[in-house]
């Protein structure tokens, strides 16, 4: 006879054990470790939030200090491995296995621990992929989440950084898991209910607000002439001709330069209203001038950005906001939006190989993918037509019957041929492959697969890979924009010239762009202070970005 | 030599120089007759706003009272005081003001003599010893514009490597001889003979000519280019219209 | 430090009448280019003093492309380099020629 | 040869003194746009290749002008000497040649007894790799500067570059007849990183840029009396204040020094116990002291002009 309701009984027992430390649902911060020891069982799958931006830092600290005799062999399932505590739990033997998406600041340590065998790696996922698995085979037993405030019933207000929380709670609470939230304050009534209280079992009041990193702030003062040139090429050679209105931008300086050129160079090209009006994008401060100049109609966001709260509140025409006026972000929905409802992804990477595979992984750093692979891939389930999508599809398959032909999302890799410290962007063999060999991985951790990439933009020009008809053409198109890197200098000059004649490669002069016009005076804002001015004083940049 | 030894040897006829937590203020009778005003920094103390303002007050009062006696600046200091408070209050103005007072006094016929008898560095050095007409040193002095560990941090060269390089050029390395070679230190006194006599000789030799340190640095092969460049610019500027 | 020097035949004399110009600063990843009109009209010389050693082949390629694209006849270009990327070098060379080609005031 | 007006921005129609930011401009652009068009004449320009003889010891690249541009030009028709430091080359630091060029210029100004000098500071202080020569150069500059002022020459410092004005540069600035500073301009002796390295992050967190700027930045220096003029960041603004200060700065002498002594003593009495710049501004009677950092230039100048500091005759 099968015993049913096992999971429910187990959850009830965990909650009963935890309740001894609680008044109603509220637990003191100093009892957080004891609470986790009472609720978590050896071998549990635990989601420790762990997002791209916001961090349940108090609960992370509490988990890292539990007694490893009682709590061990945990399987961590979280999108972001960001805080040192996220790896301390492996160091201390509390956790054993890891499935994750992104590990920005911990990328070097995670690489070291993988090589040292301290972590049993499931997989490095894309965000949507990990979220999907929360509902199939990686459902958490316990979720440790972060919110701004809670009432005594456990209703949560997440503030602008809602991010992963609804997804994590959905998967945990409705599958007999326990949800524990850390909050900055307990209030009588939350400003808006982001998570209903019946899905939250314990609330821990933290002594200080949860940590959020300003990941999406790019100081315009650091944008170089080379980045401006690539931005000019992208606007004139891709945004304009395809008429890209719905898109996602990566977080690098090249895309920040594009954002800052919209009200100046973009205006001069007569592109206002024709491009860049609807975004799946975090509230990038660099986009403020374009928003103020009337370019942007709508933005849906994965998370928020430090210092943008008042600006977003005042520009609710553009952003998604709650009744309380603050941003409502949602990583899962925004990733879906970026995958299905955008016609272009444009972003930078660290390495591109001869076929166009790209990766941000080096042998010393395993940064994970975050959202780029979802944005930067063709959605095979897409069925609605748009002009850029159809045109890209036609370029890829000019002879196919129009009504049966799939469109293509534009996936654009933008960057300068040499990066920081003169490290070449183009390589014969990706570090990701070397890493896969060393760690005996079944899959090399690629960010964007070659067959999804449609264009590569460097200061030397644009390579349109949709127009390449075979492997050789593709390789030479890539070499043809690879500048003075080893890959670039090994080009077949004649073939590159033929590709240029066919428009597969387009140089600045082919687009009537003089590289000497790529000047910082083209930027709508040249400093963080300029962004503050554009925002009418509504943008309040964090201290590390100020020089006043 | 201790500070007391130095003062005794410099002023055998007597002095009232007091050391208040590293700030030296007072006057002294000269062996040759007449008197000298004395200021200084002792005990390797840092020079901050509170100290600098007392030193400049003493110099200004001396100028106000008139007379022709020299002003002695005795230095065994740290660098400027590195603190939030000193910077907040405008330390650069206090140090510049002290230097201005010393240079002004000298130009008003009160020859300024620096005596470096210990350490000094950076801004403190500029505002005191290097703001005098003529700087002399005692053999044990160990000035360091920049210390080797900091230099090692910035240049990413090992201290051993820096020491090796210092052998071929005096231009960056700490130490009295290196600094003397660049022309900053006019002469190094003999501590075994009377400092009073050496001071008297020095005062007798001071002439009204301008800043000679760059010439001295060229002569001693410590600064190969400074004097000529300054002179060329000077001449070009005066010829230009 | 490494010093490199390249001399090329140029198709045409660089335009303009200025005798010299300078662009850029020596900093990490940046360089300065001093351009002087000192050579016969069909000659061009580029002298380089660089902090990044072992990139001779790249410099050679950058300079050759530069001479082909800009035809800087009569010019001597002197470079102090703080380890700039090749694209920055190419940009500064082009900027230097544009400056010396401007009309003299 | 007129080399400095050869470096224009690469988009000529955009490069004029009203639009180009002082902070962003190179030293050559600053000189070119600060002075009357075409009036600048450089002494020992880059084509002379008078580079530092000491950097090769450290395997470091040199710059043809050793990071400072020296010359003569006109501002509103009147002759001026100009020195401009390039803050991006070795942090604008003083080396042997760099310093000697300024020394020579100041000695010449002294001998003219009249031609004013504009010093465009952009420096972290002494150049480490030639520390002894750099330190001594600064001492010589201070001496030459005071001699020139004694001879009746006005010397105006302009501060608003990336490197700020630190170390010995801060002392030289303190010797000038008058200073104009922009919001980005910082004046000090010990830089933020130096204080943090020596005294710990609790004493001074160099990465807290708001703290750095309210302790050493242009607005604080103006409110404290460490600079006469606060200018917005365009070169045009620096130009008009430079002209104004050449006219208004005091002639140097005993009275000035006594007044400065009093001014600095009173500052210690009034603000010596303040823990933060905001406390000083409050003590000065600034109504909304917290809002000073975000205040626009014009509003800030209204406020600063009402405050008691500085006294123009006291430097």
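Structure notes:
Should a chain be cited, it is by its letter among A, B, C and D, assigned in written order, with residues numbered from 1 in that chain.
Basically, a contact is a pair of C-beta atoms (placed from the backbone, for glycine too) under 8 Å apart; a residue touches a chain by one contact, two chains touch by 3 or more.
Remember, predicted model here, so these are calculated numbers, not experimental data.
Here the chain at the heart of the shown protein, by mean C-alpha position, is D. Across all inter-chain contacts, the pair with the most C-beta pairs is B-D. Distance from the chain A centre to the chain D centre is 43 Å, each centre being the mean of its Cα atoms. Between the Cα centres of chain A and chain C there is a gap of 41 Å. The distance from the centre of chain C to the centre of chain D, each centre being the mean of the chain's C-alpha atoms, comes to 32 Å. Inter-chain centre distance (chain B to chain C, centres taken as mean C-alpha positions): 46 Å.
Among the residues of chain C, those in touch with two or more other chains are 95, 98.
Contact of a single residue of chain A with at least two other chains is seen at positions 516, 518.
Multi-chain contact residues of chain D (touching two or more other chains) are listed as 10. Residues of chain D that touch chain B in their complex: 41, 43-44, 50, 53-54, 57-58, 70-72, 81, 96-97, 99-101, 103-105, 107-109, 111-112, 125-126, 128-140, 142-144, 146-147, 150, 167-168, 170-175, 187-190, 194-195, 197-199, 203-204, 215-216, 220-221, 224-226, 254, 257-258, 260-261, 264-265, 267-268, 271-272, 274-277, 280.
The touching residues of chain C, when paired with chain D in their complex, are 1, 18-23, 25-27, 30, 32, 34, 36, 49-51, 78, 80-82, 95, 98-100, 102, 105.
The residues of chain C lying in touch with chain A in their complex are 52, 57-58, 61-62, 83, 85-88, 90-91, 94-95, 98. Residues 49-50, 53, 56-57, 60, 63-64, 80, 82-97, 99-101, 103-104, 107-108, 122-123, 125-127, 130-131, 145-146, 150-151, 154-155, 157, 165, 168-173, 178-179, 182-184, 210-211, 213-214, 217, 222-227, 229-238, 240 of chain B touch chain D in their complex. Looking at the complex, you find that chain D touches chain A at residues 9-11, 14-15, 19-21, 23-24, 183-184, 207-211, 213, 217, 219, 293-294.
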